[in-house]
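What follows is a single structure, and I will ask about it in a moment.
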Amino acid sequence: MRLPRLLNRWLLFTAAVFLIALLMENEYYLTLLNFIGIHTLLVVGLNLLMGYAGQISLGHAAFFGLGAYTSGILTVTYGLNPWLAMLAGMIISGVAAFLIGIPALKLRGYYLAMATLGFGVIVYIVFTEAQAWTGGPSGLAGIPALHLAGLSFDTPWKLYLLIWMVVILILILSASIVDSRIGRALRALHDSEAAAESLGVNTQRLKLLIFVWSALYASLAGSLFAHTMNFIAPSSFDIMFSIKLVTMVVVGGMASVWGSLLGAGVLTILPEVLVFFHDFEVVIFGGILMVVMIFLPRGLVRGLLDLKEFRRYKRQGGAFPV
Amino acid sequence: MEILAPLLQYLISGLTNGAIYALIALGFGIIYNATTIINFAQGEMVMLGALCAISIYHVNPSLPLAFAGGVAMVTVIGLVFERLALRPVRDPSPISLIIITVGGAVFIKGIAMLLWGKDPYSLPPFTSNVPIGLGPATILPQNLWVLGVGALLVLFLEAFLRLTLVGKAMRACAYNPRAARLVGISTGRMVQLSFGLSAALGAAGGILIAPLTLGVYDMGTMLGLKGFSAAILGGLGSILGGVLGGLLLGVAESLASGLISSGYRDAVAFLILLVALFIRPQGLLGGKQ
Amino acid sequence: MKSRASLVLVAVIMAGLICFGAAGAKAEKKPYVIGGIFSITGPASYLGEPERNTMEMLAAELNAKGGIKGNPVKVVIYDDEGDVTKARLHAEKLLKKDQALTIIGPSLTHTSMAVLPITQQAKTPLISCAAGIGITSPAKERVWTFKTAQTDAMAVSRIYQYLKQHNLTKVAILTVSTGFGVSGKEQLTKQAEEYGIQVVAQEVFGEKDTDMTPQLTKIRGTDAQTVICWGTGPAPALVAKNMKQLGVTIPLIQSHGAASRKFIELAGDAADGIMMPAGKLVVYPLLPDTDPQKAVCQEYDKKYQAQYNKPASSFGGYAYDAMMMLAQALEKAGADRAKIRAALEQTKNFVGVSGVFNMSPEDHNGLTPEAFVMVKIEKGDFKLIE
Amino acid sequence: MAVNDISFGVPAGLVKAVIGPNGAGKTTLFNLITGFLAPQRGRILYREQEIQSLPAYAVASLGIARTFQLVQLFDHMTVLENVMVGRHRLSRAGLFSGGLRLPWARREEAAIRDKALEALEFVGLADRAAQPAAVLPLGLKRLLEIARSLASEPSLLLLDEPASGLDRVETERLGEMILTLRDRGITILLVEHDMSLTMEVADDIAVLNYGRLIAEGPPRAIQKHPEVIAAYLGTDWQG
């Protein structure tokens, strides 16, 4: 019974994704959707870490960058196959996350935030300073498009198909993870680390696992980004971008795979729509972060859904949780 | 001998920067002690201090007035920030608080950009601008001001916390909020006080270095991060630790850019932080976590 | 899981936002649409802001005069915040949605590099306002790309000419770690040999750094006869201050990136004696009346001051030249991108704020080192050296 | 500091209660046993194995489950999901197998669900399975915590004041539940202020005061123990 329903839902979504694309009269919107897709990958990963495991990373742009630069450097300088380069990027990001994660995840809250932030700053500086490899601040040009069996992903349409295929797969995978034993343990440790431990959940290991996992997503997104842009520069991977990712998670709602899609979508489209208020963009970002977290600590969408749900049960005499 | 001459210069420059990091670190520490919150907007207080003082100076060119006015304005901003952004928080988990204060920092920076524009501003040095020879090295009178006033502020803070009733109450709050409430200390008041005090310290730091570094709307972020690194390095919440952490970080940075590579200066600062976090997360002078 | 409800919510909000955006797309057919992409906010806002202001000011002016060939001019300007993703998106939007005939900008080398593959692909002229030499060379590959900013190579050769005249052969260079500084450093080291100059120290500093004494201390320990600082924003002023603090008395030469009154204001008394190559806009009152650029600079500065209450900057000048040159090309070519490109390429003896442009198929910048003059700061004001 | 020089045993298959005035160190004792605190000195043996240096999750995976004095539920999960977490130590699906829904992982998942429902039925919460845990009234939250612990099939169950916040009827049911569990062979260590409950279910009682063990024995003996009476006089003796 459960499987067909599940399949149904995803088929519906996949159909919607392609229908939306067909409705786009203008290729610009496809490009926009492509970036939304890439951002969604990042946000889903970060959301697994923040929303589910309750751990924060203020340096996720670093893993995004590691993926992008590994792909870029290996294909441009060494002429490696882009798919292999993508894999190499994920390995490097995963190992980096593992090494940072072992000590950092023993630390709680602020320390982890600071450790990831420090890591982000260092990686950004390396991108800027290691000019022999990365091309420095002027960027790395000429990154080839991905290709598969003679098909080159070099137009917004083809990229759209590729990127959203990946996004759909990752969304399915992540939604299943969340619903599985590991997902439950993650959500559990977010609500009460003590209780989770008392039931045999090795919270330390689990946090590390999900930290590495989310770094893999970020790296994958980075590689796709590099092959989409054909050009990368350090400025895409700075702290501000890490903070924007956190904003996307917060807007989309913590602990909500679908919310990640929404968060990435809204915050990628919003600056485009509000383009004539660009001086206010940072203020708006900051304001969103504060207001949402103050009043709906589980993020916008998840918070509103919770409100609805809890209102339903309130009559039965439950306390209102935050 | 050849090697020694630049070393002294690196030391001077490192200590000056370090003194500012120390002041910011103390700001972090004060709030952390009273509330266990890390206020990521602390760096923006430094920026606001510098820019407010510069604006006041433009209206009325008196440095003491600019200093006092700048500190006073930012203190008020710190209090308002606590009232509007942190008092109403419904879920005071670290992750929420991090996001809120980071959001606050971005927000304050954005507002400052709208108010002051994107251009940097200068503030004249407190006294003469003639460098003083110090053996093979030179030092500006403003460097001395930074070090001197910084040291005074630290002493003042230490005395305040140890000797005055309010200060003792604050420490009591930090040690055991529930017990403090039982003996009639208003913890809410203490939290407010801690935000005001740390904003004031940050602002003072900002005004002190403005003549050396100029004031610009985005100067706060990096200073805030370095200040926090210093606080962690020294041990969160320890006054002496914060000072030590700040000075160490400043000197390390300066030596790194002088002796290793100037491009990796910030990377070195954060590398030290990471190593410190991993080896000794409670900091040099911090107690148990 | 409440995925169905959230799925609907997601779809509705996304569709709504996109439609909202699309609603703006239905523009009138008549006007000539000129796109602009500048770093109006973010770390390079000092470039983007005057560029945007200038472009808007000129568009209003052109329209007041009845437009170009009777067609009103519509400028659509986006802010890339110095970010390549944003720049790319905006370029795509200008090309596909706004149907821009030509794009002016971006302000920075890396954002220009991120944009030009797609403007080339879309066969739409791009007039970059960034310095990097790689934007327009190799010219064969950059058929649709032009730029109005002087390249660093010119500033460097101007400086080295001066050093050679004064027999200064040992220099220490101190560059910012942004695209501007890296490209400056490249040129400084590359051209040194040609002028018989020896680079004895190479130091870098961060764009937001506030203390360069360690680097300068290191330089003080060398036998450099001159310090050349390559940076923009407040940092070069701090370098000047730090040098004074350290009692380093050898001459300091700044790049054209520091050539503005703001620099003098920020550096205060430390600015005295500093030399730099400057675009003529900065010193136009000092130029002889015979200099053709004097009138252009004066006109631009007056107009800019009147509208924005701030002195015009060389950066805005890049947009000024781009816009004026484009207006000229549009006058000739009309709304045909290929013809606009050809007209731009044939621009000859165009007297602009940043120099006298002579475009050709081999040179899409069209400037010579004469676009710069060497100036010295004395008593808080610029003085011509030659 | 809170607990000093305590030495006592918990006989398998029985209910042992630990009582004492507030601040006597009962919860500290629990935290020591379950690995949430590390003792500075001494040993904790469980089935002849030293567990005092094990982290909490490792203690749990030996089959020692606990509840908390201040209820620690996973507020944002449903009642059923809360209990399903209890099966964590007995299942093994990982990121990949769970994420890809491999056949064996799906079977395991179904088994987890069945066992969890079983535990919910035992405490009488099955009809609330789909509700968020946070909306339950306190009494039911305590029961849910017990169900969650039971789902992990412990051989030793530590209950930290399970009756606080329960009304008379609920307390009585709790008492029966504890006895049923004992009859199923689960050893129970109980901290409880409700003396009538304690006396009813405990086979053996240890009394703590100021972090010291002052008495140990069957309920009847303890009630008459002079030191116990002295310790409780004028304090919050709730018997």
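Should a chain be cited, it is by its letter among A, B, C and D, assigned in written order, with residues numbered from 1 in that chain.
As a convention for this text, a residue touches a chain if its C-beta (ideal position, glycine included) is under 8 Å from a C-beta of that chain, and two chains touch if they have at least 3 such contacts.
Quantities reported herein were computed from a predicted structural model and do not represent experimental measurements.
K.L.:
Identify the chains adjacent to both chain A and chain B in the sense defined at the top.
P.N.:
C
K.L.:
Closest chain to the protein CA centroid?
P.N.:
Looking at where each chain's C-alpha mean falls, the closest to the middle is A.
K.L.:
More C-beta pairs touching across which pair, B-C or A-D?
P.N.:
More contacting C-beta pairs are found at A-D.
K.L.:
Quick one: which chain's Cα centre is the longest way from chain D's?
P.N.:
C
K.L.:
Measuring centre to centre with CA averages, how many angstrom lie between chain B and chain D?
P.N.:
Computed from C-alpha means, the inter-chain centre distance equals 47 Å.
K.L.:
What whole-number Å value describes the gap between the mean CA coordinates of chain C and chain D?
P.N.:
Taking the average C-alpha coordinate of chain C and of chain D, the gap between them is 70 Å.
K.L.:
Can you give the whole-Å distance between the Cα centres of chain B and chain C?
P.N.:
The answer is 36 Å.
K.L.:
What is the distance in Å between the mean C-alpha positions of chain A and chain D?
P.N.:
39
K.L.:
Can you pull out the residues of chain A that are in contact with at least two other chains?
P.N.:
In chain A, residues 128-129, 279, 281-282, 309 touch at least two other chains, as defined above.
K.L.:
Enumerate the residues of chain D that touch no fewer than two other chains.
P.N.:
None at all.
K.L.:
Show the residues in chain C shared as contacts by 2 or more other chains, in ascending order.
P.N.:
Those would be 41, 177, 204.
K.L.:
Among line, ring, star, complete and other, which best matches the way these chains touch?
P.N.:
other
K.L.:
Give the pairs of chains that touch; include all such pairs.
P.N.:
Contacting pairs: A-B, A-C, A-D, B-C.
K.L.:
Which of the residues in chain C end up touching chain A in this complex?
P.N.:
Residues 1-7, 9-11, 13-15, 17-18, 20-22, 25, 40-41, 78-79, 81-86, 88-89, 92-93, 95-97, 109-111, 113-114, 117, 132, 134, 177-179, 181-183, 204 of chain C touch chain A in their complex.
K.L.:
For the complex, which residues does chain B have touching chain C?
P.N.:
Those in contact with chain C are residues 2, 5-6, 9-10, 12-14, 16-17, 113, 118-120, 122, 124, 129, 131, 133, 138-140, 209, 212-214, 216, 218-219, 222, 254-255, 257-258, 261-263, 265-266.
K.L.:
Where on chain B does chain A make contact in their complex?
P.N.:
Against chain A, the touching part of chain B is residues 38, 85, 88-91, 93-96, 98-100, 102-111, 113-114, 221, 225, 228-229, 232, 236, 261, 263-264, 266-267, 270-271, 273-274, 277-278, 281.
K.L.:
For the complex, give me every residue of chain A touching chain C.
P.N.:
Chain A reaches chain C through residues 9, 12-13, 16, 20, 24, 26-29, 31-32, 35, 128-129, 131, 136-139, 141, 156, 175, 179, 225, 229-233, 235-236, 256-259, 261-262, 265-266, 269-273, 275, 278-279, 281-282, 301, 305, 309.
K.L.:
Inside the complex, what are the residues of chain A that reach chain D?
P.N.:
173-174, 176-177, 180-185, 187-188, 190-192, 194-204, 209, 213, 255, 298, 306, 309-310, 313-314, 316-321
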